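Presented sequentially are two complexes of chain A, the first with chain B as partner and the second with chain C.
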Partner chain A sequence: MCQVGEDYAEPASEEPPPRQPGREQKCVKCKEGLPVVVIRAGDAFCRDCFKAFYIHKFRAVLGKNRLIFPGEKVLLAWSGGPSSSSMVWQVLEGLSRESAKRLRFVPGIVCIDEGAACGLSPEARAKTLAEMKLILQTVGFPWHVVALEEVFDLPPSVLRCFAQEPVETEGAYKAAVDSFLQQQHVLGAEGAGDSPSLAQGEEQLSWPCTQDPQNPQSPDRPPTAAQTEALSRLFDSVKTLTAKEELLQALRTHLILHVARTHGYSKVMTGDSCTRLAIKLMTSLALGRGAFLAWDTGFSDERHGDVVVVRPMREHTLKEVAFYNHLFAVPSVFTPALDTKAPEKASIHRLMEAFMLRLQDQFPSTVSTVYRTSEKLVKAPRDGCAASPPGPRCLLCMCALDIDTADSATAFGAQTPLHLSQTQPPTPPPTAPCCSAGMGRVQGCCGGARPCEREDPRACVIEQLCYGCRVNMKDLPSLDPLPPYILAEARLRSQRYQRPLCSGSPGGPWGGAPAGPLPTQLLPQGLHRAADPGVPG
Partner chain B sequence: ATPPASRSLRGSVSLGDEAVCPGIEAHDRAWRGGAELLFDGVKKHQVTLPGQEEPWDIRNLLVWIKKNLLKERPELFIQGDSVRPGILVLINDADWELLGELDYQLQDQDSILFISTLHGG
Partner chain C sequence: MTSPRGSQGVVGPARTRALSTSGRAAAQAPGSRRRLGPEPSGSRSPSTRFRLFSSLDRAACVLLRRSLPLLPRSDPAMPAPQCATCHKARAALRRPRSGRALCGACFCAAFEAEVLHTVVAGRLLPPGAVVAVGASGGKDSTVLAHVLQVLAPRLGISLRLVAVDEGIGGYRDAALAAVRRQAARWELPLTVVAYADLFGGWTMDAVARSTAGSGRSRACCTFCGVLRRRALEEGARLVGATHIVTGHNADDMAETVLMNFLRGDAARLARGGGLGSPGEGGALPRCRPLQLASQKEVVLYAHFRRLDYFSEECVYAPEAFRGHARHLLKLLEAARPSAVLDLVHSAERLALAPAARPPAPGACSRCGALASRALCQACALLDGLNRGRPRLAIGKGRRGLDEAGPPRDGEPERAPAPEAVPAF
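Moving on, here comes the complex of A and B:
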């Protein structure tokens, strides 16, 4: 296995692992209890020590990152599976009054019903939903169950990043905690209605947020048959399982983001475990998403701006999760996924999972090594552009596009002129003066009229995607089945880009409030081809 | 103590997580998934292993399971002479790594639980 740098000072004898500790051994922690589970390479824990270890890890990950402020509204993304169920349970226990150091945020749960994409019958979906609701009611947080079909009702604004102020300093966090504790003290130790803590079994009415758990925004109605049909059609039209997985992930993310924004949640917690993230890191590399590894696998993902995704389970392996859930009766609901029972080579995701797990079997430090590597990934802007306005973002995954039209040295840059030449008459090279200004990072900008809204919506969308998303789009022969918000936002952005770029306007249309089309007199005349009938205004 | 080779062994082989959500009867959970998808949808199998010359260990049990319980796609559950990587094995609620993995000798009334950690979650 490749090793990196001086951190990996572990002796080579770590692999193959020392032969298993026998049952005669005692727990490595308390030295007394009978061990029930082996963690990492050879550490045997007894039941109680394992529980303490597991809970402590969850708290430590949250505590050391200090991103969640007291009283903040946090949306827990629950799929029903073991990792996210464990996460919900940890939050539940962490908020309860009895804990020594209570968690202090205000949770809600969102659950996406993806049955239509996975080809489940309505009866199966209904049964699964019923079970999930039972658990949701037991947990007692405000919850939102959303069918994936609702992507057809999403507004284009869900794809925009609403820039936030820079991350708070260390001092601000401490000050927030202190003032929160003072408030608590003033309100009395009883933890009256204003307190966000919830002892198990309390009624939901004690929650300060007035969310009706039945979600007043969209009352509990099942999606229409037409929407289900449309979703099935969309997924059936995708040629490979890999692309289906990626599309599903994108749609799921958009939907969760929408729920978070609609109900005022500023954080979303997902249950990605250490094992899952290690697999995801390798899969992302294979998918061409190497530039975004830090966001895809790090603890926090701020690509959306106002809503930050955090991954508190990222230090728990799947084995630990499975054991904890079994030993301490954490309820979960199995929902078949896109690739349930699929053979190993059906998709890149499956292949990578099999590869990693097989390697992990023989070399138990595989997952942790990949994980530690992922921790070192830094979210740095490209050289020299730290001060410039934020660049364009991928339409689907919303990561900052890391491309240059002028950068024809890369395969990525070389793609650009190719498809443009298929759709319009020869244009001046992309190094026209207007493009070299700070905002000239969108490929195919200016240089003449763009036929986007006139002729080729597909080229219009493809241009606004990062490399990984473009490759996925190749497996989607027609963009028609896509939910309307994607195409609408693509059109909006391409229209917006034609003008401000040419005039060198610093107001980036990507971040902040969306800008309307600029009046024509701001355009340098030479660049606005009056002959193009498709350009509005 | 190992039972004499000629006597049969009784025990249970279970699949998936046994945690039951409060309020749901086991028989109401008509749609279950996970490893039991490969076992005809049955979560818990009471099993009687016939007496035989060789002692029953997990290795032999897996062969027996493949022949008698696995209804489809054996490669999703068994790989070589062991379980597929990603499938956990618990013997009487303890990690099989503590008990010798494939070499563990089965005792009467043992309970073997397989938990799949593959995808989902």
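Moving on, here comes the complex of A and C:
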């Protein structure tokens, strides 16, 4: 592979001719067993060594990062697919080990039924749901099955980031573990466990049957037809598959966040594997989310503040997951997704996936190279301006907005304004038409100190989005089908931002755009405004 | 003024619009619609595939051929809209970026205004600068030279053309003929620097012969890119220039960032994405005024101004890894027209760990040029070639060279497109 730091070589011609897996070949680890699977380039493992390797990777990722404190409630996001099923299985096995190596958190499972968005019939959805419930009952953790239609009932507070105190240091983690172990010891000595997770010496965690594993707020009743109809209308109104997938992702995240917050879970684990994360990284690049790659593909994602999303499967390739599931009979449910059976060129996600997998065939280290590069990304603005106060956050993806300075290369002309007809044509010839169209829109909003919400609700929502979300919104011709919480939060935020402008203050702590007459230079896109100090996040 | 048709490209009657879409699609995913060779979708060999991807110049030719008959033609069903700027002439195209319909003259004016803005806002070329334009005869450098010539009085700069002769038979000599014609037409002084003179007789053909034969890919583009940047620097110094400009466009930047991620080149990712290098340590400052213009717009500008350029691809291009990135970019652009600008936006905002960034540059111990290590990359490569071990400076460790450094293959000079098929 034409990789930095490696010889430019076609790997096929460089390796020694692959040995036929005959009787003579043994597992590379224990040198005794008969190999059953080949991992990476030519490492053959026997069944037991493979299992140990797989489990070890899972535990190592969790242990290395030391984010999950003992006794913490962790929500496992299970989609039914192989990676998340494998993750759930790992957690199940990890919780049932001997006390020294046992995983020490309290899991719950959430499963989102996205059938309405994918256009499934109610019978198909019911069937899938039944299969899922079967598996959930086998696993035995408290589970919550939520239909995607419930986004229409979400409160606007789900979009707010509740700032947390900074992540505790290493010392704090160790102290927490020690105190937990002590507590265990004391409880064990007393012989009574009043909380199920602290029960010791049991092979299988037994949840007391008084605890209703199901979410009491969303019992078995299916979502109303009106909600299903509204959801399908929303997804039908989106023009491209790329935007649909991104919207689905955003809604799913909000829903999981809501479930986590309602039931007191402080961590969410998702089953993204190495391959999926590499594809996600390249997709995010292509969607304009280069500023947020570290959050989108890193181990922990704490942009929501109180709930941290964790990705423990990020070092397992899809191949390993598939083999593990096959060899050790991990149950999973196939649910059709938005892009099932979609042609390869239908969306950026599909394109990137096909491209990466094809390239991986030719150059077997593609995925691991991209993954390694992703580990070098940090969660900071590029210039390292850590001193600046936290800026406004995107409405949908809740990352700090990345549309900023006027002299960034793409601020100029790249922001194609949505309503060209609204803006005045440029009068001074030196300014290019594109950028002054963008200026015109901002001019309309802040130059005259008129509240923009009366003028154009869409422009107000768009202004609160990051670059990637804006590009997606272009494919949504009308914002009406969106769930009400998004629009409500947008109105709330724009009102908050409008107040200082109406009072005439020229700029906020971020040196934002002057509210006075516009010079012919570029303006920042109107987002570095004075914000109410009470704005969280 | 936005017609319901909405898609980018040349505005015209519905019938031929279908043609133009397919033509553009052919330009973007040339595989299945090309006249040459076998069906590429099944084949894995890079050579057939990349020859078919064929450089955008061939695509540009197709685009031009197909766009010529699509200039204003009356169709009672769907009249072509008026130009959105002057409201007088009929619109000849729809800008890929914003979807506005413009006539030829207004588009060219807008293009020039945008380049002017890029240069002025980024303070790239101060007044009084002597600017060496890296001219290869291809569409990008031709458009760059033309636009800068138009803007020169306003910016207060003077231009010199510098062409680099890598010694690639059958390709570069033809391109140089185009450059000479342009220099004659614009009456700009032209200097040609040849690898053979600068680098002790090593032309690219000789390098290719030297690196071939080991069963591996030849990595010609690595040599060519590094040596060309050195040659450009030398040429610029010869003419007494204060700045160097190259014609990299937005598509090049997008391909670069994709490629760097696929290759895992964190050092280049950390360095790239800006508007050029300020020229530390004695190297001349470089910039890329066309960086925000997408390739389509460059081609359209060249068409409307009737510029004469050379549009074949380099004979070694099919072997480059950049071909993969280029193919991907074409696909992405088909799925989402703004993909190129989104990638440039992403590239600008990448945040890499401090450890991944390259060390502060010093000076090469042999030639004094900007280098991150004791030897600059050009000297290191030439060293390897002269010792008969061409891969000495490529790969981990750079074993055998008399310096110890971190095993990173970073480019010492500010190189925006490290493995480029020679920039146009």
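Throughout what follows, the second predicted complex is superposed on the first by the 396 of 537 C-alpha atoms of A that agree within 3 Å, B and C clash if a C-alpha of one lies under 4 Å from a C-alpha of the other, contacts with A are read in each partner's own complex, and residues count from 1 in each chain.
One rule holds for everything that comes next: a residue touches a chain if its C-beta (ideal position, glycine included) is under 8 Å from a C-beta of that chain, and two chains touch if they have at least 3 such contacts.
This is a predicted model, so every value here is computed, not measured.
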| item | value |
| --- | --- |
| Contacts of A:K51 with chain B and chain C, given as first, second, both or neither | neither |
| Partner chain(s) touched by A:K345 [first = chain B, second = chain C, both, neither] | second |
| Touch count on chain A, higher of chain B and chain C | C |
| Contacts of A:R59 with chain B and chain C, given as first, second, both or neither | neither |
| First (chain B), second (chain C), both or neither touched by A:V378 | second |
| Which of chain B and chain C A:R491 touches, first, second, both or neither | neither |
| Touched partner set for A:R261, first chain B, second chain C, both or neither | neither |
| Touched partner set for A:V38, first chain B, second chain C, both or neither | first |
| Residues of chain C defined as touching chain A within the complex | 1-2, 44, 84-85, 95, 97-100, 110, 113-114, 116-118, 121-122, 215-217, 219, 222, 257-258, 261-269, 275, 291-292, 321, 324, 328, 331-332, 334-336, 338-339, 341-353, 355-356, 391, 394-396, 407-409, 419 |
| Residue numbers on chain A that touch chain C, as the complex places them | 1-10, 13-14, 240, 242, 281-282, 284-291, 293-294, 345-348, 351-352, 355, 359, 362, 366, 369-370, 372-373, 376-382, 402, 406-410, 412-414, 416, 420-421, 425, 429-435, 437, 467-468, 471, 521-522 |
| Interfacial residue positions of chain B with respect to chain A in the complex | 16-24, 29-34, 37-38, 73, 75-76, 85-86, 88, 90, 93-95, 97-101, 113, 115, 117-121 |
| Partner chain B, residues of chain A touching it in the complex | 20-23, 25, 35-38, 44, 79, 81-84, 124, 127-128, 131, 134-135, 138, 271, 273, 275-276, 318-319, 321-323, 325-327, 329-337, 339-341, 343-344, 349-350, 353-354, 357-358, 360-361 |
